């Protein structure tokens, strides 16, 4: 055992244990850590946005002499300032222009991004031969094509799920259930990994019992 | 029945305690069970292996401390793999909480393998804007990131004079914990700039990436801590993920056991209720 | 007019960004690039606005001594502390370099708390597996089988159980097959459906049919 002598490690370990104490029941130590976490996170994000985004991408070029097309930084700055009018009743309507520019940009990016990557490419990748000359890969391709079509039919709500559509949608549900099951299995893996990470910290960096 | 009743009314804190013990004990007394490398992880390794020596790779580390146990080991492995091949790295981050984690890995592995900052690797740091950053970065690295992680103008970094778009790079590696991450990079950058791309994802996100794998939009995938351990095995440098796999095994078996036990109790009670009526 | 102008602005911006995907000419590409440059700084300002809102909401309840007011002071104090340290005592743009007080706070406050907060989910998912995962129908049975195969098949202990069996029926092979084919098919169906949905919603916004984002609140 080679316990840490670093104050920072001790504070980190204490905060870790404060949060774990919630598993026993809600208590003041947990509440303290919870509020400290929100405060530290919010403070961290503001400082980071300033030094890593607003400073290099807006303020620094706007105040530096000789920046080409400096007007675009002024206009960008104006859009940012308008956003803050949301805090003041009476002039909050001004923020609409910033929101409009932002929403328009994101809508445009999403439309083309989804069309290309999620629709065109995915449909193309589903256009596979149902007989490849090899039984195994042919069955896999059939499973894929049937799964994509039946899942899409399940999400088709403009027509009542009865008769042939109902039966197809039923198969789609089975596919979805398999998919949700796999997702659940992976979610368990993720959550357990996070716990492993914290216990590794306590055993290694704090208590020095095992080195990872 | 009585035993089933007792179990069903069991205080959940006993389950919490068992979970903690089942993770803790294998960490203290590892079994070192053998690990098999899955197809997507092998493809990830081969895509990195195929990068020509001396070329430049873009590494986006889009995660924060919440997913560090899964993604830090795979980031470390991919940086080591690239540096060992004398491939140069341009790193960036789109998640607020993660930039120092990626920066520490670059410096730690870089120092270990004798790499020089600015020449062999650059960390561009963080930008907000999610999807808006992606095509913008694809059009010009230096316009989107005028300064690096520490505020140095990128024009002063030799590596950044050699690459300003994806066309000058050999591979794009995305280590991703969710939004924005692999899905968005595929939507905004992969097809638009014809980028060769691999993804290391949290286990939660990994199933979402499979359609891109089969379509060839993503060439390889590391899923969660298991994926990280598989990659550590591929590059022959066991790290934290490999050491965590025994704990992962025992906890998974316990959760599977709980599902079966819960249902055994449920069916035995339902059978008894039917017999009684 | 006040309502119409932002709608028109959304439409113009959206169309320019869509066109930039197809037309690389600078007349389209450059304005689209500028819009993305602005989006980056606007989102950053959004975070600052969010922080101002945290002050407003929590400051009120801290001053009025509402429920948990003492903890609200912890929140406001730590937030202000981080900002003071980050803006004035951590070397400006080098605020996250090794050795700065801000980096110290990141390493020993932010990292352990965020990581531990999320690790709590490991306990709750185990408890839920016991109490809530009931196989009442064929659908639920399919879900459970897929979950068990993936959960056990993706870890070394699961490999060990079926190592003696022929390769095609070993758990890791089954887990990988399940992920690559039936699971993949369903995910692709969802992706295509969601893709069409996002395209439709995006176009509705650009065409001004969907305007809920135009509501402003003080």
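We just call them A, B and C in the order they show up, numbering each chain from 1.
Criterion: contacts are C-beta pairs under 8 Å (C-beta built on N, C-alpha and C of every residue); 3 or more make two chains touch, one makes a residue touch a chain.
All values derive from a computational prediction rather than experimental measurement.
> Sort the other chains by how far their Cα centres are from that of subunit C and give me the top one.
It is B whose centre lies farthest from that of subunit C.
> Of the chain pairs A-B and A-C, which one is connected by the greater count of C-beta contacts?
Result: the pair with more contacts is A-C.
> If you average the CA atoms of subunit B and of subunit C, how many Å lie between those two points?
15
> Roughly how far is subunit A from subunit B, centre to centre by C-alpha average, rounded to an integer in Å?
Using C-alpha averages as centres, the distance is 13 Å.
> On a C-alpha centroid basis, what's the spacing between subunit A and subunit C, in Å?
Roughly 2 Å separates the two chain centres.
> Can you tell me which residues of subunit B touch two or more of the remaining chains?
Residues 16, 19-20, 23, 66-69, 96-97, 99, 127-129, 132, 135, 147, 149, 151, 192, 207, 211, 214, 223-224, 226, 248, 251-252, 255 of subunit B each touch two or more of the other chains.
> Using the touch definition from the top, which residues of subunit A touch two or more other chains?
23, 41, 44-45, 48-49, 51-53, 55-57, 105-106, 109-110, 114, 116-118, 122, 125, 144, 179, 182, 186-189, 192, 194-195, 197-198
> At which residue positions does subunit C touch at least two other chains?
21, 36-37, 39-44, 46-47, 92-93, 96, 106-107, 110-112, 114-115, 117-118, 122-123, 125, 129, 144, 147-148, 151, 154-155, 179-180, 183-184, 187-188, 191, in rising order.
> List the residues on subunit B that touch subunit C in their complex, please.
Result: residues 8, 12, 15-16, 18-20, 23, 33-36, 38-39, 64-69, 96-97, 99-101, 103, 127-130, 132-133, 135-136, 139-140, 143-144, 147, 149-151, 192, 207-208, 210-211, 213-214, 223-224, 226, 245-246, 248-256, 258-259, 261-263, 266 of subunit B touch subunit C.
> So in the complex, the part of subunit C that touches subunit B is made up of which residues?
Subunit C residues touching subunit B: 21, 29, 33, 36-37, 39-44, 46-47, 92-94, 96-97, 103, 106-107, 110-112, 114-115, 117-118, 122-123, 125-127, 129-131, 133-135, 144, 147-148, 151-152, 154-160, 172, 176, 179-180, 183-184, 187-188, 191.
> Flag every residue of subunit C that touches subunit A in the complex, lowest number first.
Interface residues on subunit C, with respect to subunit A: 2, 5-7, 9-18, 20-21, 32, 34-54, 56, 68, 71-72, 74-83, 86-87, 92-93, 95-96, 102, 104-123, 125, 129, 138-140, 142-151, 154-155, 175, 177-196, 198-199, 201-203, 205-206, 213-214, 216-218.
> Mind pulling up the subunit B residues that touch subunit A in the complex?
13, 16, 19-20, 23-24, 27-28, 66-70, 96-97, 99, 125-129, 131-132, 135, 145-147, 149, 151, 184, 186-188, 190-192, 202-204, 206-207, 211-212, 214-217, 223-226, 240, 243-244, 247-248, 251-252, 255
> Enumerate the contact residues on subunit A facing subunit B in the complex.
23-24, 41, 44-45, 48-49, 51-53, 55-57, 60-61, 105-106, 109-110, 113-114, 116-118, 121-122, 124-125, 144, 179, 182-183, 186-190, 192-200, 203, 209-210, 212
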